[in-house]
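Chain naming follows the written order as A, B, C, D and E, and within any one chain the residues start at number 1.
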Amino acid sequence: MSDFDFSVIIENWGFLAQGLRYTVQVTLTAMLGGILIGTVLALMRLSSIPPLQWFAAGYVNIFRSVPLVQVILAFYLILPMVLQMITGQQMPIGAANSAYFTFTVFEAAYYSEIMRSGIQSVPRGQVAAGYAMGFTYGQTMRLVVLPQAFRNMLPVLLTQTIILFQDVSLVYAIGATDFFGAADKITQRDLRPVEMYTTVAVVYFVICFALSRLVKLLQSRIAIIR
Amino acid sequence: MDYHWDWLFFFRETDDGLKYYDWILSGLGWTTLVSLASLAVALALGSALGVMRTTPKRWLVAIGDAYVDVFRNIPLIVQLFMWFFVVPELVPDSIGMWMKQDLPYVVIAVVGLGLYTAARIAEQVKAGINSLSRGQRDAGLALGLTEWQTYRHVRLPMAYRIVLPAMTSEAMNIFKNSAVTYAVGILELYFQYKQIIEKTSQVLEITIVVTLAYFALAFLMNRLLAFVERRTRVPGLIVGGKGGGVP
Amino acid sequence: QSSGTLQKIKDTGTITVGHRESSVPFSYLDANQKPVGYAMDLCAKVVDAVKTELKMPNLQVKYQPVTSQNRIPLMQNGTIDLECGSTTNSVARQQQVGFSVAYFITSVRMGVRKDSGINDIGDLDGKPVVTTTGTTSDQLIKENEKGRTINVKNIYGKDHADSFLMVESGRAAAFVMDDILLAGLIASSKNPSAFEIVGPSLRDEPYGVMVRKDDAPFKAIVDKTLVGLMKSSEAEKLYDKWFMKPIPPRNVNLNFPMSPALKAAFENPTDKGVE
Amino acid sequence: MIEIRNVSKWYGSFQVLTDCTTNVKKSEVVVVCGPSGSGKSTLIKCVNALEPFQKGSIVVNGVAVENPKTNLPKLRAQVGMVFQNFELFPHMTITENLTIAQIKVLGRSREQAVDKGLKLLDRVGLKAQAAKYPGQLSGGQQQRVAIARALAMDPICMLFDEPTSALDPEMINEVLDVMVQLAQEGMTMMCVTHEMGFARKVAHRVIFMDRGAIVEDAPKEEFFGQPRSERAQNFLAKILHH
Amino acid sequence: MIEIRNVSKWYGSFQVLTDCTTNVKKSEVVVVCGPSGSGKSTLIKCVNALEPFQKGSIVVNGVAVENPKTNLPKLRAQVGMVFQNFELFPHMTITENLTIAQIKVLGRSREQAVDKGLKLLDRVGLKAQAAKYPGQLSGGQQQRVAIARALAMDPICMLFDEPTSALDPEMINEVLDVMVQLAQEGMTMMCVTHEMGFARKVAHRVIFMDRGAIVEDAPKEEFFGQPRSERAQNFLAKILHH
């Protein structure tokens, strides 16, 4: 094992980089979409209308109880069928595109829980103060509660994003080529697993570590306002 | 879609004389074993690390921080691969040989998954301890309790209560994460899932059954910890969450 | 839905070929991430035949990577029309999909380190034996022990590279797997001369091109094309190109001469599945 | 200006307010006091419909707040409210705190709003802090900003809920001074507080609540001279003694 | 009993305590007051080494707290401390709160500890609440439990850090009454508070702090009669006025 053969990394760097780009794209899409949908779900869960509460609670609990791999696979297989039922023609959407959708929908469940505790971390008095100024519900949420909830939860949101970034590797189940998938495919073909896994570990570590430092930085930034 | 449904295949015999549902049950057993054992490792180590990171001792904090940085920022499957293939080559030959030939694979799986999850538990335990007012520690010390006793009797009991909801998610996650241990040769549920797909190609039936099995495990864990949460709830005290928020 | 696939290809103007990404040398990605391989070459001929049949010279060909887990559902839900990889034609799978005549016959054998002294299944007694998820080597060993009592410790790698690494690093004494896969792994390894393939064939398995179930017209075109290639020795030339010569991307040579079983299969093409 | 008529309110089966009736006239200053949990905050929050109530009626400036057709945001914009914990918006600067509702609710232009905000900030002696965030001010300063924020909406009356009880002893007077000035200028005020010095100085009437009911509602002189109910006597004795 | 000699303390480059010197004799009651942030809490926490300090020395009952060899848990067990926010342990019943340190620190048997705890609980008028949790008591009750908890360790002196400032006005006296009684029984006490009524009644000396320094340290009569420093005069005027 002392004879590391890193030529395989160099030869296939283009493929790896392409995979990394896909990983980043899925992460960003799922983060933005997930936070958006998650916030709506959190508001539904905290609303006083029971059907909305039930829907949001069901959504969150179901997605949080099922392994992501299974969801990825199921969506990949089932989504085209649903589309076919709606449009009446076969519409294979492709592994890469399916992942964007699946991750957004799945992560929304996690982001929603984070946003919910963020909203709850804003003192009740802030809501009362918003209403007392004459704000409507929407204005109170948009101008008063959500900006604070978002700031309070920014570190946690980012931490979840780090997890998401790592979880994108699960798209191997449907054969899409993310960073991990690219590494895996090259490993299967060229048989340099130790070198490849070491490289993968280093790349993930560097990116995630940088992100987690960003979390720390943000934490101290936010501390000034409080 | 011309899929050939066949729910009865679960009761058909496999080539090793068992039935397919036996495979699933055995996989379920391994999944539960690996998950619970890893959870135990993660709780013990994670709590220790979480406590270390809240002490006034700089070097303890540094060790705890470094641990979390490393183990949280590398995907689990890569970590397991490292434990399985790379670590035995880095230690002296005799130990390496022992790791390869005598050490049961399930130990590697439990250590790998446990150490990975410990980083997350450590974060939560730290957050829980830090969410207590500093006065709680001061009050413990002022009564003459030692630093360790204030952790043991005052700070940790409350910290656990506060982070129990977050830990519940982690405990549910561990079942899902345990699926990755098939990569180090554990014959758990996900392994059997792949195995059965290869054998029978009844992809949809088995996917549905296995998904439900994971769901059931996570759900059981959720109920169990909800029960613990209820049992340990302190009368008269509102811990986070509930009650706040939007009208 | 018997005339399904041809009709669908005609309607959409495209044919989607499912391929693997690391099944050397059948269907894998070359240095430019293009799917290449023995099965891909065969399928190209099939596609040509479809073009002629439908009189659509400008038929669009799309490539869709598949895995061993999703290839069957993707065939069934219409994502792919043709799968060219290394899929064993088995009776169980025939419940779900159809197969062309066999274009390759693989034998399950043992990959070992040359210095291990293992030559036959008898030598495996008490030793750890690795295989990849999906194959039950102990069962095959039991079936072939011929009166001897052999106890092996079964271990599993998550994929072929992992399993091979177990033999390479000394965790396992032998890797029980399709001989062609073993040949590919050994050729790609850092030190090919340290490994060898030994022992009798524990089982022969035919590889076939996967098509939709009960789609006779389409299967007919596929079979006709493949049989034509086999009879005209063109298949043999392709075999030579991928199994006896250096192949991309790293120019390794598998040096895997045609087995008698495959020769027989070329003589008398069949789509019979293995039990 | 504020008419509270037979208001009752329940949380589930627990009755928080029992048949409360009172009346605040224009330019009147009414102080509400009573033991903790007696429903003072709840009553005052009912006035601008921050809390719903199940029985009775509250009419503010001719508008019934419990009427489902009432435009609550509009009504609330006319009623200034100051909270115990200030409840400034921590993610906005002081200027933004003072202008956001003027712009979003009253539809004023940014210049108008800033102009008005700075004038009021000056009035409470904090013009220099306009660009800071609430977290950078002391409690007394924050509470003065909160008063300015309410005044920026040109309210027709002001509600205060224990505006000084979260403050350090030294800062209480900063805030009370601003409130005394407001009262003297003729602002209609309803004020929950235990600062009897303030009540003595500017209140016209004192309301004493106990267990959700208004037990005493008397002119200041009468209340401090000789409260009718024993409960109020006890209470006064307790909070004045130390 | 408590000797504070030239104590200085820094947080990084910010000096919180500047050369503080004072002395509390046995059975003496000393009240510490001063504006917010002046270092009162810090000073009192230095006495039982909850805060380390960089210069000077504090000797409690003959033991120097800054000495690394000092057995701090043992020292702290002899010094009772009561905090602004009570700091009862929320997950323990009142009885457990009162007994845990007796058992774990003093090594008393459970029966002894419970016995002692109940006696003290009775003394502060809360025997009936023994089985409840802190969250089920009012603030005043919680603070009385906190005092009982400190007394259970048989301390030789007591430190109080604004024991009434988190309480509702009505409950302040419940707690002050217990403290007055303690003082009259001859307990040595060092007490940060703004309750000048309490100071007038039982303090022997009043210390006034400003910006980390002890500005005045005078017998009660002198301090209330005529504080020497202008800062103390201002402060007194402000907190006595309302």
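Operating definition for what follows: a residue touches a chain if its C-beta (ideal position, glycine included) is under 8 Å from a C-beta of that chain, and two chains touch if they have at least 3 such contacts.
Listed by chain with UniProt protein names: A, B = ABC transporter permease subunit; D, E = ATP-binding cassette domain-containing protein.
All of these numbers come straight from a predicted model, not from anything done at the bench.
Enquirer: If you check the contacts of subunit A and subunit C, which chains show up for both?
Expert: Chains that touch both subunit A and subunit C, as defined above, are B.
Enquirer: How many links in the shortest chain of touching chains run from subunit B to subunit D?
Expert: Each step joins two touching chains, and the minimum needed here is 2.
Enquirer: Could you work out which chain's C-alpha centre is the most distant one from the centre of subunit E?
Expert: Most remote chain from subunit E, centroid-wise, comes out as C.
Enquirer: Between subunit C and subunit E, what's the gap in Å when you average each chain's C-alpha atoms?
Expert: 82
Enquirer: Between subunit A and subunit D, what distance separates the C-alpha centroids? Give it in angstrom.
Expert: Once rounded, the distance between the two centres reads 45 Å.
Enquirer: Just how far, in Å, is the C-alpha centre of subunit E from the one of subunit D?
Expert: That pair's centroid distance is 35 Å.
Enquirer: Can you tell me which residues of subunit C touch two or more of the remaining chains?
Expert: Where subunit C meets two or more other chains at a single residue, that happens at 69-70, 73, 77-78, 162, 165, 169.
Enquirer: Can you list the subunit B residues in contact with two or more other chains?
Expert: 1, 85, 89, 203-204
Enquirer: Please give all chain pairs that are in touch with each other.
Expert: A-B, A-C, A-D, B-C, B-E, D-E
Enquirer: Which of the residues in subunit B come into contact with subunit C in the complex?
Expert: 1-4, 6, 15-16, 85, 88-89, 97, 100-101, 105, 182-185, 187, 191, 194-195, 197-204
Enquirer: Quick one: which bits of subunit B touch subunit A in the complex? Just the residue numbers, please.
Expert: The contact residues of subunit B facing subunit A are 1, 69-70, 72-79, 81-82, 85-86, 89, 123, 169, 172, 175-176, 179, 190, 203-204, 207, 210-211, 214-215, 218-219, 222, 240-241, 244-247.
Enquirer: Show which residues of subunit A lie in contact with subunit B when the two form their complex.
Expert: 1, 43, 46-48, 61-62, 64-70, 73-74, 77, 81, 113, 116-117, 119-124, 127, 141, 145, 159, 162, 166, 169, 180, 193-194, 197-198, 200-201, 204-205, 208-209, 212
Enquirer: Could you please specify the touching residues of subunit C with respect to subunit B in the complex?
Expert: Listed in rising order, the residues are 1, 68-70, 72-73, 76-78, 92-93, 95-97, 128, 133-136, 138-139, 155-158, 162, 165, 169-171, 212-214.
Enquirer: Can you tell me which positions in subunit D touch subunit E when the two form their complex?
Expert: 35-36, 138, 168-173, 176, 194-195, 197-198, 235, 238-239, 241-242
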